[in-house]
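Here come two complexes built around chain A, the first alongside chain B, the second alongside chain C.
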Partner chain A sequence: MTAAAQPAGRRWRGSPLAPSWQKGYLFASPALIVMIAILIYPLIYSFVMSFYRWDLSSPSQYFVGLSNYRDTFNSLGFKQTLRVQLIFSAVTIVVEVAAGMGVAVLVNGRLRGLKLARTLLLVPPMIAPAVVGLNFRWLFNGQYGLVNGILRFLGLPEAPWLSDPDWALASVMIADIWQNTPLLVLLFLAGLQSLPQEPIEAAQVDGASSWGIFWHITLPLMRPILMIALMLRIIDTFRTFDVVWLMTQGGPGGATSLITVNAYQSAFQSASFGHASAVSYVALAMSLLFLALLYGAPWAARKMRRNS
Partner chain B sequence: MAFDRLSRRGFLGGSAAVLGAGTFAPRLARAETTEIRALLITGGPLYPKYWEKVVADFTAKTGIKVKYDLLEFTPLTTKVVTLGAARSNLYDVFSTHTAQIDSFFNYFAPLNEYFSEDELKDFYQVGVDYLVNPKTKGLAAIPRNMDARTQYYRSDVYAEHGLKAAVTWEDLVDVSQKLTGNGYYGLVVPGQGDPAQRTFSDLLWQAGGDWVDDAGKPSFNAAPGIEALTYYRDLIQKWKVVPPDAVSYQWNENSTQFSSGAVMDTFDWPGAFSTLSNPETSKVVGKWSTAPYVRNRTAISCAISHAMALNSMSKKKDAAVEFIKYTVSPEAQLLNFNDYSNFPSRLSVAKQVVSEASGAKAEWLAQLEQTIATGKEWPKLPGFSRVCTLMFSTIERALSNQQSPEDALNQASAEALQIMTQAGAYN
Partner chain C sequence: MGGKEDAEEFMTDIAQHRMGMRRRRPKLREGVTAGLVIRYLVLIGTVLLTIFPLAWLVLTSLRNSADIFAVPVRILPASITFGQYIAVFSQYGLDGYLWNTIIVSFATVVLVILLAVPCAYSMARFRLPGAKVIVSILLIMRMIPVVALAIPLFAVFAAIGLLDTLTALVLAHTASKLPVAIWLLMGFIQDLPKEIEESAQMDGASTLRIIVQIVSPLIAPGIGATAVITFLFTWNDLLLALTLSSSEAAQTLPVGLTNFVSQFGIDWGAMSAAGVLMVIPTLIFVWFAQGLLVKGLVSGAVRG
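Let's look at the complex of A and B:
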């Protein structure tokens, strides 16, 4: 008797699952196999690699326990990388979320030309990060770049965009903000347009100011969208690579070396895959930690309030 | 008509025959000719034509087909690292270089059995020595052309100002200061990644220092190292004779600054002689001359080489070695020199091109020969490839004034010792 011919709810012999479940798994299995092959297996494999001395110059790989992680945290370059990553993530996320919300509120109005503005907002996220990196590298070129050219034209002092450590970090953050803010604008705009209008109209009737309405009504209602935006950006800033690599290669002197850049250098310049895997897992752990804080902190606060 | 009488069986049989022939005929044909795959270096618009000719000539002579991909230096190295990590046999032959060779000691097959001692004697000793794995004595690659640097300066501008090419470090600062201003710079040096380490390395040797001491322990942070890095930093930050963006320059930016006419002096590889003479790639054709690399206590700078390597996983080693031998043959090296001014790695070919050259080219070749004669390379000790990556950021930190040269080198030295100890350099 085929599975299809069995009465609904009846289980196959020896199987704890109902036939419908088995069919479900059967149909999903190609996708599951692909997922396991290209996602889960490499993830586990690279995690195992992080406990091995695994480089091209060694004839064999051998288990070194936590040594790769210890080396990573002891290296001067990685301490600088951690600092740079935290500054980069904090600044870009705050600016992108704040600017994204501001622009979303603006384009949610009924001003002329907003349709064109909304369309143009799609352009930056559509451009490949590598192209963004190359373009900004040229824009910020000290001698021939457009930005310094404009500053020169206006009689203003030129900036060492890519050659000074602080300016270089600011430059890569500007490029990241330019590319990712529009995506958040679109996300927030979708959220704003789906909000119930009654509370806002009631507040308007009661004479509440625009800022008061935004702060006390719109923002709390937008909280789920805001959380998603923060989650996406936290994950993304810990994965940022192309823009930074093409603009500065992590330089000068590690001033823009994000964790991904550090991992890339370990793998493809030092040919040390064990260390590169360890660095990648530190990035993953940090990303998860921040996500846990993002979701865990409000939960803990609510629990504390309830207990008190 | 034949079609009128075509039965179903006949149609199916005929189709099967056609399908079978289509499937197996190419395999049978392929069995007669060997095909190997090579990952080769390129750079600039003319290089692909060189490989096209070399490969065509090789196939005509041997019947072995070579399917090849071309990549520039950095992406090529990255790709070989990836393939090496995967122990891939996708390519049988690789272009490689002395600078990164230690990363591939276990991926490239030793070439000792394919090149006799007598054959190796025709290659520059320094070119061969640094391609040898110090632990196993295996020859990881064979030099194809020598990489050494000379000074390229704007002879027209120098003559206008009554200046001569710099000989010493002091001269270099003096001359460059006189030529810096109005958007022009007296000198350009790279300041990022491997090119920064290469430049520091030359200055380190010229200051009388070295990377490691007799015991193989890091010594680049001793007084000569600090002097070298301080001088390097001061060119950019104190004397400001170098474009301030130089801390983000690699070789391409460095060469372009000179070929575009924005700077008056640089130190560049042999290929620059050809690039700077070509109106398609240079705005300063006929306006430059060459001089020896500047000196301080010594006149030492690097003598390294572009090389060819055999994949240890290759299943067609004999054919691959034949191709490697052809790429380093006198014939191919002459072509490489005549078209791209890449200096031969064979002494016999070098002797020939030097004897045939005249005028400015002869002077330049004499300068190159001198550099190669005294030249050296950083050590190929276990763990040193990781030390190189550490040095990139160390040098960049000093050049961009984030750390003093002394602090940067001392910290790097401590970490380098740890890396090399862990890698078994002192076992």
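Let's look at the complex of A and C:
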């Protein structure tokens, strides 16, 4: 991150050919103007409007301070959304990262068919989440769905996958885990292949157990990539919309209403844009908070260890 | 001799002590081990879990309605029919959605590449004041929930009368895909040696010429990866299209899928056929451009 942020111009220093920054901005400006006009301006606009009463139904807009945020946190629906979002984020992140790491470590190496498997693993993360949601809605269909069909065939009790609130949340999480774990497997495989082999080989010669090697050598070496994986999942989990929208539309009874679903509904079904803007910035704030915890926790732990 | 062995023993003891490991004889190539069997089982299990739900989507799309609603569920279709695929076009007018999606995706890719390459080049090679700020903004943009953008864009496009047009979708997608594209391309440009550009400049080539004739061919894989990623994320987008389009004039395939749910009850066969059609471009890119895709995704992730 820091290497890229460093202006590369530094390397031109002293060269008579050092390009001027005015010229640089000339070439950067078309993209920057498009982003400012269609991305940054609307975002600032909606951020400002999250402090206003702003309904599509009435033309009057007036400043209400933090009341959109206060109303959001006080509303019963949002309390449920918050609970649903936290469960969804915690479970999917932990399962996806743990499963992704587990599979990557186990299949890493010279296994036959690994190349083909890597191609196939790229499919779920790249297909439309809308299709994933639709497909899992069909798989989890109570009467005609395959999953209940198999359960019935095995003589097991059927599950109310999408009709019961708790099961519905689990179903949505399963779809998310199915779609996103493979990308983490690929990311971890790429990471494992870039690890230095000497410490692992040395431990093998010394007769260390596979588990010991993984826990004491591989995992610490994989730490940077693990952090990246966690960061990516934290960011995306607070952006998840499509899968849920096609599987449950946030239902039944708000049981799967993630923050983005809540924001979309209050904007385009209740037409209260100011409120919806506030909700969508709560989603951003929460992902920033989780990222701060991710990067802050190891730092705090190190500091405490040093002090004690 | 003995001294050396002692020393090795000592080092091993230290290593084992430090790692809290039990002592065990190293296993040297024993052919089929339990570990290997487990590893293959994990590999096969992962692959099956990955393709199984998609295989079911394809199987559903090839069934007739009676077969779809069969109880108990039949794993293999009683007979294979392409009726659902025909129905998707004749009854549900999927061709309109398909065209909209194709137009929006290709137009977005072209615009994103045209805008992102020169921007990434100047960010990577010129001493831009404020470059750090711009890069941080690019990264923050990646974090913002799409719905936070969709809400104000709806208001803005409504105000200028662009709602429910393909233009609005192309503009929205171009702007929202640019940060990642610039970020990816910057990485590829920074990996290039500067000498070629320097000598071209010495020969009097303009910056535009350097970008078009020298840098672009050299980062062709990077441009390819960026184009494929931009294409797929635009192709897959639901939220922007759902927000900014309200009629068949601009609705794309993912929105078409939501219409299957609300408008006609749920016609699972046709919906599966539409889903399969939507996934085909992804499968093509994954098969033929997986190297580019992985490179783009992993390098983007690692740099991010």
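Here, the second predicted complex is superposed on the first by the 286 of 308 C-alpha atoms of A that agree within 3 Å, B and C clash if a C-alpha of one lies under 4 Å from a C-alpha of the other, contacts with A are read in each partner's own complex, and residues count from 1 in each chain.
Everything below uses one rule, namely that a residue touches a chain if its C-beta (ideal position, glycine included) is under 8 Å from a C-beta of that chain, and two chains touch if they have at least 3 such contacts.
Not measured: the values here are computed from a predicted model.
Chemist: May I ask you to decide whether A:142 touches chain B, chain C, both, or neither, giving the answer as first, second, both or neither?
Modeler: Once the two structures are laid over each other on A, A:142 reaches chain B alone.
Chemist: Classify the contacts of A:205 with the two partner chains as first (chain B alone), second (chain C alone), both, or neither.
Modeler: After superposing on A, A:205 lies in contact with chain C but is clear of chain B.
Chemist: Determine, under the contact definition given at the top, whether A:272 touches first (chain B), second (chain C), both, or neither.
Modeler: first
Chemist: Chain B or chain C: which reaches more residues on chain A?
Modeler: On the superposition, C touches more of the residues of chain A.
Chemist: In the overlay, answer first, second, both or neither for which of chain B and chain C A:164 touches.
Modeler: The first partner, chain B, only.
Chemist: Mind working out whether A:89 is in touch with chain B, chain C, both or neither, as first, second, both or neither?
Modeler: neither
Chemist: Which partner chains sit in contact with A:284 here, chain B, chain C, both or neither? Use first/second/both/neither.
Modeler: A:284 sits against chain C, while chain B stays out of touch.
Chemist: Touch test for A:183: chain B only (first), chain C only (second), both, or neither?
Modeler: second
Chemist: Could you tell me which stretches of chain A are touched by chain B in one complex and by chain C in the other?
Modeler: Common to the two interfaces on chain A: residues 141, 143, 267-268, 273.
Chemist: Using the touch rule from the top, collect the residues of chain C that touch chain A in their complex.
Modeler: Where chain C meets chain A, its residues are 11-12, 15-16, 19-26, 35, 38-40, 42-43, 46-47, 49-51, 53-54, 56-57, 60, 68-73, 115-116, 118-119, 121-129, 131-132, 134-137, 139, 141-156, 171-172, 174-176, 178-179, 182-183, 186-187, 190, 194, 198, 201-202, 207-208, 211, 232, 235-236, 238-239, 242-243, 253-254, 257-258, 261, 268, 271-272, 275, 278-279, 282-283, 285-287, 290, 293-294, 297-298, 301-304.
Chemist: For chain A, which residues count as touching chain C in their complex?
Modeler: Touch residues, chain A against chain C: 1, 3-12, 15, 17-21, 23-28, 30-32, 34-35, 37-43, 45-46, 49, 102-103, 106-107, 109, 111, 113-114, 116-132, 134-136, 138-139, 141, 143-146, 149-150, 152-153, 178, 182-183, 185-187, 190, 202-210, 212, 216-217, 225, 228-229, 231-232, 235, 238-239, 241-242, 245-246, 259-260, 263-264, 267-268, 273, 276-277, 280-281, 283-284, 287-288.
Chemist: Which stretch or stretches of chain B touch chain A in the complex?
Modeler: Going by the criterion above, the answer is residues 77-78, 81-82, 84-85, 102-107, 183, 191-193, 243-248, 262, 382-383, 385-386, 388-390, 392-400, 402-403, 411-412, 415, 418-419, 422-423.
Chemist: Inside the complex, what are the residues of chain A that reach chain B?
Modeler: For chain A paired with chain B, touching residues are 55-59, 67, 71, 74-77, 80, 141-143, 160, 162-165, 168, 248-255, 257, 265-273, 275.
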